[in-house]
Amino acid sequence: MTSPRIDAPLPGPPTDPTTPGDDPRARRLLQRRRWAGRLRVRSVSGVWRQPSVVVALSLLALWVLAALLAPLVAPYDPVTQSAQIYASPSSQHWFGTDELGRDVFSRVIHGARLSLPVAVAIVAVALAIGTLLGLLAGYIGRAVDEIVMRITDLFFAFPQIILAMAVAAAFGPSTRNAVIALIIVSWPTYARVIRSSVLSVRGSDYLASSRLLGVGPVQALRRDVVPNSVGPAVVLATLELGNAVLMLSALSFLGLGPRPPAPEWGAMIAAGSRDLSMWWVSAFPGLAILTVVLAFNILGDALRDRLDPRYARGLS
Amino acid sequence: MTPLLDVRHLAVSLPGADGSPLPVIHDATLHVGRGEIVGIAGESGSGKSMTAQALLGLLPENAQVSGSAVLDGETELVGLDERGWQGVRGVRIAMVFQDATAALHPMLTVGRQLTEHLRHHLGLDRRGAERRALELLDRVRIPGGRGALRTYPHQLSGGMRQRVAIASALACEPELLIADEPTTALDVTVQAGILELFDELRRESDLSVLFITHDLGVLSALTTRAYVFYAGRVMESGPTGELLLRPRHPYTAALLRARPHADDSWEVRGGTAAEAQPNGSKRPLPMTTIPGSAVTPATAPPGCPFAPRCGYTEDGCTSEVPAMTAVASGHHVACRVLPDLTEVPG
Amino acid sequence: MRGRTGRPLRSRLFHAPLARLLLRRLATTVVLLFGVTVLTFTLIQLVPGDSMTASLSETALNDPSVVAAYRAKWGLDEPLITQYAIYVGNLLQGDLGVSRQTSRSVLGDLMTYVPATLEIAIPAMVLSVVLGTGIGLYAALRHGRRGDHVVRVGSLLGLSTPPFWLALVALYVFFYLLGVAPSGGRLSSWITPPPRVTGMITVDALLAGEWMIWWDAVQHLVLPVAVLTCLTVAALVRFVRSAMLEVLDQDYVRAARAKGLPTFTVVRRHVLRAGLVPVITVSGLAFASLLSGTVLVEQIFSWPGVGQYAFRAASGLDLPAVLGVSLFVAVVYTLVNLMVDLLYGVIDPRIRLS
């Protein structure tokens, strides 16, 4: 009853002269991967044309500019106090002044100079740690995998902000310690994601076929594993940039972030919460956080729709 | 006499990533007679499954469908609204899916899945539905009676699951059964049992079946007539034996040559395996592959979609879509060249 | 089909695998909780300077006898491994240390504050799961159309809003501008709380038959519950939506439609049932989101629960209290996840009957 399956891919002519090996199955699989790779690059380029992404990118560009040019853009020094406390928004103080007479607009602008680099630093370090451990766990497997995964389990036993709060409280309140706390709570996510994408490559046919073609483990790591982990990592990192901004503000709302008088958005909201009638003190830093985080989330979402195969279907 | 199902110039397109319509079926004309098992063969992406889904109104809502598909000479299926479809699906046309493991709900008992539409369509009460379900199990040769009704799909073997799916499709005595590769996901031995079941059902109850497959062996074992799809178009149609023994379309011939012949054990109605070679010689030709790769309806070139991979092309092939022409009684081919296929193209 | 042994079919099918699942999950949970104590213990060791200075109040640090008692109790002069054993021993006896700010035992403090948190967390949890599932399913069914886009934008907004800021905005609008909500707290100041039975004022008021008090307490609940629900729903909707999209794309849903069942029946019986698994997962997520939410929101609403306790502990650098809250939250969260895992087993016949 066995009979030919028309569905089996028909081997095409060798289009790529560099394709190694004579095994048609392996060659086909490698070709299929290249094809997928090309498709991927093309579809990412389409992301930048979506209206929501354009809005998100413009927002981010504005904030990055604000952060870079804060001393030029901000009309006042962010920490200098004045007698004019709780002035409502006016042409002089666009966003009003706070309980110490500081210009809220200038503090919000300088807040970007604080939050954005901090978020980038948190994500960069956590991504590096997570990627390294995820690659090791996924690629070496066995005991290493078991150990790394059980350690991440411990971290996932806490809601992120709760653990961050504990770590920051133990280390003492400062920008540096808040950064350390947020790195500590966020690396396990990266490790998990990288590990699972490594495993999906490991279990797949084309790694087997590379082996068949005599590709060594290091080369396979470089050629197959790393490129396939990049997509999920980029998506996650983008979303985590927003999350880092959000969590930093939460820590400093709890009094565990940058010390006063540093213009941190979360701390500014905490200060503004003391008197509801002075709404501008907390409203504008809140909007700042909202717009930055929203931009990262929109961007991460759009990238995920395109890059992450699990989400690609059904969402485009 | 009007055929049970008469499909003319059916075309389907789905919106692509940029919103412009991507064709998935170009122009499909086919019919299924009463008590007949008709095959549709083709590679994946040839539009054969889309045809099945179009005939049940299961395409995504944003699909554009044109042409006509008339059931029983009276019901036009194209353009039917949701309410209209609910009177067709399950009652007049039923479907068996490729993978019963996926097509049966993992969290509902076999009994529930066999009876829910019975109760809805025929208005049976719980006991009447159960009695009917037991009959159905018997008909698809599932042992265990009431106990079997209480099992969940994961407790059954793959073959048993597909039998449950077939029983569920037969529940309301549909006029037409569409089987979308129902044996593909099964082991070879189990596959034989399911094919036998289809054959028995046809003999017992005069069931009409539209049987979609990519397996030429299955095609020859079960169907009396068949359509060969490529890139959303019908390339060749005719009595199955004739198609497989004396194909006239280069694509059909290429498919036949592309099959390995270590297991030339299929029984073509009215012929033997060795005869099933395109050149009619007793010794099989060496297995050859089709050069190039399959095109989808969306990427098909103008003219004959098979032209880029065909060894017999002439000038007009790449500019003009060939029309179906009769080469023998009931045997139609969409090829303007109609080459002598006994010579292997050099 | 099965069950040729003497034992009744039902018990064999239903109870043995579930019991095994329960035991296995209990074991891993216990191991995980020990791991969590290792993590918090490590954290204490990493405290810059001396963990004792971070754990005792100024006055206590100046009293040599208190310091000596502290060192003896936590075994600070012993090797690390012994210290850990003492630490776990104390934890097992419910001793989470003494709060620097309240000078009372952290566990005692927690027990005082838990009912208030439960009072907002339970309704928020129920509302979140119901709304999150409903809205997520709605978005999936309207996939790619306007309703779906609105839901997506809404959930992105919710995910991008700092919880404490949302609470502040809600308070500003509904209390300060519109005057329809109370300013915060659990009861209006002129009302005497009902006798404490459960610690949840709404329940206690009902037990005491005090309808006026009950109504006042409910009014105080609305804003905190609404804010927590918004935040949690935003997180859940995305998850439910993509899970439901996946379900909708399953062959068994197509098969149900191919049977000619009405759309409503297909959704209710086939889609929602398969969607129960993601919904249960979502309940676990909702819980994590709520636990974090309370810490960031209760302070704004002057809600005397665990969240406000945590806020005060964190801003007052009360290390025993912060670690106590964290451990407490981790234990509760882990137990919730255990329940979630067991629920899978109850709901999914593939696990229940495997």
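Letters are used for the chains, namely A, B and C, taken in the order the chains are written, and counting of residues starts over at 1 for each.
Convention: contacts are C-beta pairs under 8 Å (C-beta built on N, C-alpha and C of every residue); 3 or more make two chains touch, one makes a residue touch a chain.
Everything quoted here is computed from the prediction, not taken from an experiment.
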item: Closest chain to the centre of mass proxy, which here is the mean CA position; value: A
item: Per Cα centroids, the chain farthest from chain C; value: B
item: Chain centre separation (chain A, chain B; CA means) in Å; value: 47
item: Centre-to-centre distance between chain C and chain A (centres being mean Cα positions), rounded to whole Å; value: 25
item: Inter-chain centre distance, chain B versus chain C - centres from mean C-alpha coordinates, in Å; value: 52
item: Residue numbers on chain B that touch chain C, as the complex places them; value: 53, 56, 58, 62, 82, 85-91, 94-95, 97-99, 102-108, 116-117, 120-121, 144, 147-148, 151-152, 154-155, 165, 168, 171-172
item: Contacting residues of chain C [partner chain A, same complex]; value: 32-33, 35-36, 38-40, 43-44, 46-48, 54, 143, 156-157, 159-165, 168-169, 171-172, 175-176, 242, 245-246, 249, 288-289, 291-292, 295-296, 299-300, 310-311, 313-319, 322-323, 325-326, 329-330, 333-334
item: Interfacial residue positions of chain C with respect to chain B in the complex; value: 1-2, 144, 250-252, 254-263, 265, 269-270, 273-274, 276, 347-350, 353-354
item: Chain C contact footprint on chain A (complex, rising order); value: 150, 153-155, 157-163, 165-173, 242, 246, 249-250, 253-256, 266, 269-270, 272-273, 276-277, 279, 282-283, 285-286, 289-290, 293-294, 297-298, 301, 311, 313-315
